[in-house]
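Shared between the two complexes below is chain A, which pairs with chain B and chain C, respectively.
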Partner chain A sequence: MRRLSYLIGMMLLCSLLLTGCWSSKEIEERSVYVGMAVDLANKTTAEKQLESQGGGTQVQPLITATIQIVPLKSVGRGQQQAESGSIKKYLNVSETGNSIFEIMRNYSLKRDRAVIGHHLKVFVISTELAEKIELHKLLDFLLRDNDIRPSSMVFLSRGKAMDTLESDEPDEIPAFRIRDMVRNKFRNNKIYKEVILTNLDGYFHAKQSFILQNIAAADTGEIEFTGAGIIKGSTNKWIGDLDQENLSAISWIQGDSSGGLLKTVNDRNSIITYEILSGESKIIPKVDGERLSFHVDIKTEGRLIETWDAEETASKAFFLKEAEQKFEQKLETMLQNLMKKMQTEYKVEVAGFGDRLRITHPKVWKKVKDDWDDIFSRATVSFDISLKITDYGSSTE
Partner chain B sequence: MFTRSDDKITSTQASIFLTDSVLGAGILTMPRAVVVAGETPDVWLSVLLGGLIVMVLIVVMVKLSQQFPEKTVFQYAGIVIGKVPAFILCWLLIIFFITIAGFEVRVLAEVTLFFLLEGTPMWATMIPFIWVSGYLLFGGLNATVRLFQLILPVSLFVLIVSYLLSIRIFEVDNLLPVLGDGLLPVFKGLKATVLIFAGFEVVMFLVAHMQHPEKAIKAMIAGISVPLAIYFFTIIFVIGGMSIDAILRSTWPTIDLLRSFEVAGLFFERLEFPFLVIWMMQLFCNFTCYFFGASLGISQLLRIKFRPVIFAMMPIIYLASVIPQDINDLFALGDIIGWSGIILFCLIPLPLSIIWLIRRKGLRQDA
Partner chain C sequence: MWSKVIEYFPDWKAWMQAIVMTLIALGSYRIHGRLYKWGYNQPKQDGQQQGNSHQQGDGQPQNIAQQKVDGQQQGENQQQNDGQQPSDPWQQPQSQPSPQLTGNYDADMALIKEQLGNNSDVHFRDFRISIRNSRAVLIFVEGMQNEALINRQVMQNLMDNSFVKFEGYAMHNQSQAFAAYLKDKLLPISKISEVTDLYELEQSILFGFTALLIDGLPHALLVGEPAPKVRAINEPTSEALLRGPRIGFTEVLGENTALLRQHGRGADLELKMIEVGSRIKRNLVIAYMKEIVNKELLQEVEDRIANMNMDFISESGYVEQLIEDNWLSPFQQVQNTERPDRVISALLEGRIGILLDGTPFALIVPVTFSMLLQSPEDYYERWLPGSLLRTLRFFVAFLALMIPALYISFISFHPGLIPTELAITIIETRQGVPFPSLIEVLILEVSIEILREAGIRLPKPIGPAMGIVGGLIIGDAAVQAGIVSPILVIAVAVTAISSFAIPIYSAGITLRILRFSGMLFAATLGMFGTILFFLFICSHLTKLKSFGVPYITPASPYRFNDWKDLVLRAPVTLMKRRPSMLKPQDKKRRS
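On to the complex of A and B.
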């Protein structure tokens, strides 16, 4: 009997808690944002109008943050369906302030549905802003917040960051387009591997220089991956850009070229193109007293995929040998251009040489890591490329 | 019903009880604590070494407990060192158990509120937890352990699957170089890794409840090996997936690892939610271990019945869990618990064993 009364008592107590979800929130009543872009403050006309009536923040504004909200209100059901094809699937809203969190909360002063960051996928920073404000300041809220996942990817943009979140294609959500474009790396090594918030956490703590994929945007709503922007570790600010070919060279050095191409002209001034089937690399650091040097061994196999040379037959051995040499020269030039940019122009190291040194010579690394960018700019780097054309596709004569 | 009158448990069940009493909230913060102490990727070695040290401590405790069949530390301490000193030491142990129990509930509440149920009041997550645990303990040790048996495989499975899916962001380079700074950082890491096994003190009352106490050493070593293996995997996957620099900037590194990738196509896209929900059951088991330990201690020490003690303990544990004012207090409390675990070992089983050895030798000479 006593046992039974305990049981009943417990069950009654539990029933107090079974009244439903305590802090549940309907997803229909939230604005889910999937992309965010930050620019140097440039108030929109709407904001200026609101401000003249007492809205906005009073402090000197610095940052304009634009968020991309999806999906838009499913307005009505029947009558809108006909034209739904031409309606944009997303809404970009901008807000200006100098604390990202304040900006996020200010959206609640403007919109009926509170914004939530659980589904943030891409974060785009304009280089104009990254040049003025340290990246760790811009990203602090994102790294600290409990909604935003550290799996969000980070990009830079040459122009206005908010423009990269525009698209003219009716069914496309620009933030998802950017995220999915990164996956094209297997087709083109001019795309840098995805950099997520967690990676940045590590870079910030190590005070390491790094690069982020650059995005350019056209007025028509088209975008393009245009190389990478360099963030200097010591200042945490943007210092310059690497072009697409430099980025491709970094992929080669990191052995991260599983797809892409090499294009050059041969002696008869015809274009020949090499399709990368595999690309491996090995960075070998050498320490000789105070002198540091690196040797990079690159091994690649691929296919002669396009030749404009009508006079020679692609299947002939000497033609392939000549092509191999041309491609190797081309790759060597690309690598040298990158080294010049890293060592003389910007004096940073973003290709992973430091990481290799940390692994092979941990004691040396400890001594040099604090001014690694500087020390690297004085190091000599040599390359050894072995490129092999294994086949020439389905045409011979 | 199958309630056994003697309430004994099998060796496997005893192993699971020990596993559950070690494996709890520690896994969420452990990588950071260990990396802060060691500052190299080699800290996985410290985890292994720490586990070995704890195994030795456990063997000492088992050996001591085996001298007094059917008796828990709360009963045999008096025989060895006399009533009054034993009374004080046992109270220390009980307070230790209460503190850990409170700590586990609080960590559970903090994590739940931060990642899962933002907006729910803290008491609403903690109090049902304590109630359900108390209800479970009413069934005695046997019923409790049987629930542990059900939960442990599930929580380990979810944990391992989550880790394996993190392979896509795993980079071996983050774990290299091995022993780049020599062995010194590994030993520095030890001071954190011994602490993560705090809670192994339950051995001192667990052996008394075993059907076959003579098999206790094997069972207890098996029981501690599971958390050791889990901690080892955790540190490997978290360092490999995040790098030690990122770990140092993360409050809950293990959760951040799971938050750093999305799995498209699987039933769950984000692993941290299933992981947290399942791990909450594990935290429940963990908490129940200490609830049991503290209640058992008080009931045996003051010679009162077990069930009323459980009722009395509920508010006490709740109060213990709300003592930390903020998250820093909570982490500080976590450290204090780790250290007091070691201090308690030096205060109770170690001197008890030595005194017992001396006294037994003395007795033999008399005879």
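On to the complex of A and C.
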């Protein structure tokens, strides 16, 4: 008995010796990529040089993936602190291939510190690429990988996607800039609500059309949110763009405009501007046999924030009534423009009508969901806007 | 169909893993059991050997005088004790009775000198008593007698016969009458007693009594009380409070019991004195509330104290270690405190206090985990601040235990769990650090522990200066030198501060020990290891008992009523009952 317990004791001690630091990897020995951009293959000069010496993937390349690595490796911390005011804080590295995962692993051939995806925040796809390759192919690795968080946001870019991950401002990390810009939605409803990887997973499986925020980039390293790109559900490819005003209309329909503005001109041809303080909407689907129709009830309250009309005083009830009408007309036009684009130009539904129908009429939805985009383009949509100017700011006669 | 079923059976690897896991669990259980028993048996075996060598059974309990004492009369009781206990079983075998004083001055002196004369601090002051002109000697130990009292009340009166009246004591040449005369007329001292037993006389002298031996008297007189070296009653340094009594125990048992009595009138408080230590004896008092305490618990405590077998109990820490349930546990199963109010309120909950002579630290048994994070102030403040502070302390205990382990597992295993911006900062600051996180944390934690240990021993004037040098400069310099990262300095500083926020010092030490093993767990298995470590502690705590009371009792076993006084402290008006975990006789606190 005593011998047995000694034996067990020895075994336990041995097991202590066996367990090294199994999967321990210090954080500073890896590099974090916070942004990723995919473009249609276009090899960088560095890549071409490396390829001539036998590097790179020797297949017909399709995709160039650029990752944004932070922070930069620095030698000697004292100097780094002194210079931190002027140098870039990030590094963009490109790699070309035809499998995202292969590209990711190829970074290990190029860089000493292995890249880890836990902190991926934004994923930008160029429309050029999204037009050619189905989105679910591009995103498959991101959705499967265990490291990458499903909360990473997805964007489209009009130009080269890798340009959106550049910035000339020192100390700024472009990926964070994009992520934080989305939060400005409370100030401007021309920003589309964040679309994360999990949302996309749902869209892909439901073969649903959707839109992604578009980013435009300038050579100076500035970027702007410019409307949205439409991804057609049946093909999973990019088919066209919505401009900023269309996007604003979508926010109105979805009752998602908690901030932003409406700008129009009044009868005397001077500019008047309305600041949105609240915007609610209700989509009411009506099913009448085969005919589908929607009624959208939009209620908004806000403030007359700017008027270039020196003739009128804002405190007059008549003036406010007139302004309200003008704003309502403006909003109506915006909505109609959007409906035209959705129903006739692109024949997609990306404003959430389908979702509403699914909730209120699940049985009908089951029948129509397979070619929802087509059916929606034949549906009639009516709007009822009630806009109320609650105040005219602190300035009046 | 069978092939389908067999398909679902795991292959031999899975079986092997299962068997190994079972063996490890069983093995560690067995080893723990063995180790536990080994430590528990050790003192008992010693006791038997000792008993055999002296041809004495270890009938310790019978030999221990048990008597009630009143705090204020402790000195007198001391004398009675000496009187009632003529011999110590192993020092004075009963076959050879202790020699008695004969009354023959020279013979007695020779005997005493033979026993005590080798001690340089025992003084013999010879003089002559004027009224009988007989020889007399004062025997005392240097520094322990009350010198002024002896000089004025004894020496002066005996040597000066100018105003002595003999009436009624005419037969003063008879020794008995003379003794009575001495006591009644000559020696104006409140405490005086006669001793005939030589052994007892020696002990009393060595304890600090002054003995007066007079030619012709068959007994010695103990005239002076020992004047022990006493410290003033101070605020307890290890358990300072903002609100609450600023009184702490001292080294004198009599004063400590008096402090307990002084808390208020009421005959409920019972103090039971037991003599402990086999070579050097000391008094120990078991304090409890007669009407509240659970009788079985009291019996258990008395038994364990009676079974202590130690030549000398120098501090209550010895008592704690000799009566605790599990010597392998890092958690204390006996609480020590310097605060009389803490003891009293524990007694009122049905717990038992143990006070030892010579130490300001009283013990409270049984202990439950929540007591380690409670401070008397929780009850003195109103219930909201009390609850807030107590919740904070639970949180702080968690921090003190886990921060380094969490740091290691985040840095080395789970970079994805750190918020991105912080992760980037950590990467930036750690780039120059040449060590893996475990070594990094160990460097800083060990130096903090060194600082703390050194801080206790630093001379008072330079202590704070060294603290600043150690804490600020070494920390900053270590970052500058690139040995540790600044984030870690924050983590370690928070850990160090957290462990000071725990109201019981020894509980803080427990957390310090566990913190290091937590770090090792984290370094090998990451977050999984950290959680494993936490579960280990939880399962150990669940199994631990203090005097039969489960250690984390309101939580497990679950007692809903006692939750009122666990993490939150319910309003006093709601706490109508005493904690039911102690099964007190009187359950109600307020009706």
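Here, the second predicted complex is superposed on the first by the 372 of 397 C-alpha atoms of A that agree within 3 Å, B and C clash if a C-alpha of one lies under 4 Å from a C-alpha of the other, contacts with A are read in each partner's own complex, and residues count from 1 in each chain.
To be clear about the criterion, a residue touches a chain if its C-beta (ideal position, glycine included) is under 8 Å from a C-beta of that chain, and two chains touch if they have at least 3 such contacts.
Quantities reported herein were computed from a predicted structural model and do not represent experimental measurements.
*Asks:* Which partner does A:I116 contact after superposing on A: first (chain B), second (chain C), both, neither?
*Replies:* second
*Asks:* For A:Y203, is the partner it touches chain B (first), chain C (second), both, or none of the two (neither)?
*Replies:* In the superposed model, A:Y203 contacts chain B only, not chain C.
*Asks:* Looking at the overlay, does A:I298 come into contact with chain B only (first), chain C only (second), both, or neither?
*Replies:* neither
*Asks:* Once the shared chain is lined up, is A:A161 touching chain B (first), chain C (second), both, or neither of them?
*Replies:* Neither chain B nor chain C is touched by A:A161.
*Asks:* In the overlaid three-chain picture, which partner chain does A:P71 touch, first (chain B) or second (chain C), both, or neither?
*Replies:* second
*Asks:* In the overlay, answer first, second, both or neither for which of chain B and chain C A:I27 touches.
*Replies:* It touches chain C, and chain B stays clear.
*Asks:* First (chain B), second (chain C), both or neither: which does A:A379 touch?
*Replies:* Neither partner.
*Asks:* Check chain A for residues that touch chain B in one structure and chain C in the other, and list them.
*Replies:* Shared contact residues on chain A (touching chain B in one complex, chain C in the other): 22-23, 149.
*Asks:* Please output the residues of chain A touching chain B within their complex, sorted ascending.
*Replies:* 6, 10, 13-14, 17, 22-23, 143, 146, 149-151, 196-199, 201-206, 355, 358-360, 362-363, 366
*Asks:* For chain B, which residues count as touching chain A in their complex?
*Replies:* 114-115, 117-120, 124, 128, 131, 135, 138, 169, 173, 176-177, 180-181, 241-243, 245-246, 248-250, 256-257, 259-262, 270
*Asks:* For chain A, which residues are in contact with chain C within the complex?
*Replies:* Chain A residues touching chain C: 5, 8-9, 11-12, 15, 19-28, 30-32, 34, 70-71, 73-74, 76-77, 80, 116, 118-119, 121, 147, 149, 176.
*Asks:* Name, in rising order, each residue of chain C that touches chain A in their complex.
*Replies:* Interface residues on chain C, with respect to chain A: 23-24, 26-28, 30-31, 34, 410-413, 415-418, 420-421, 423-424, 426-433, 436-438, 482, 523-526.
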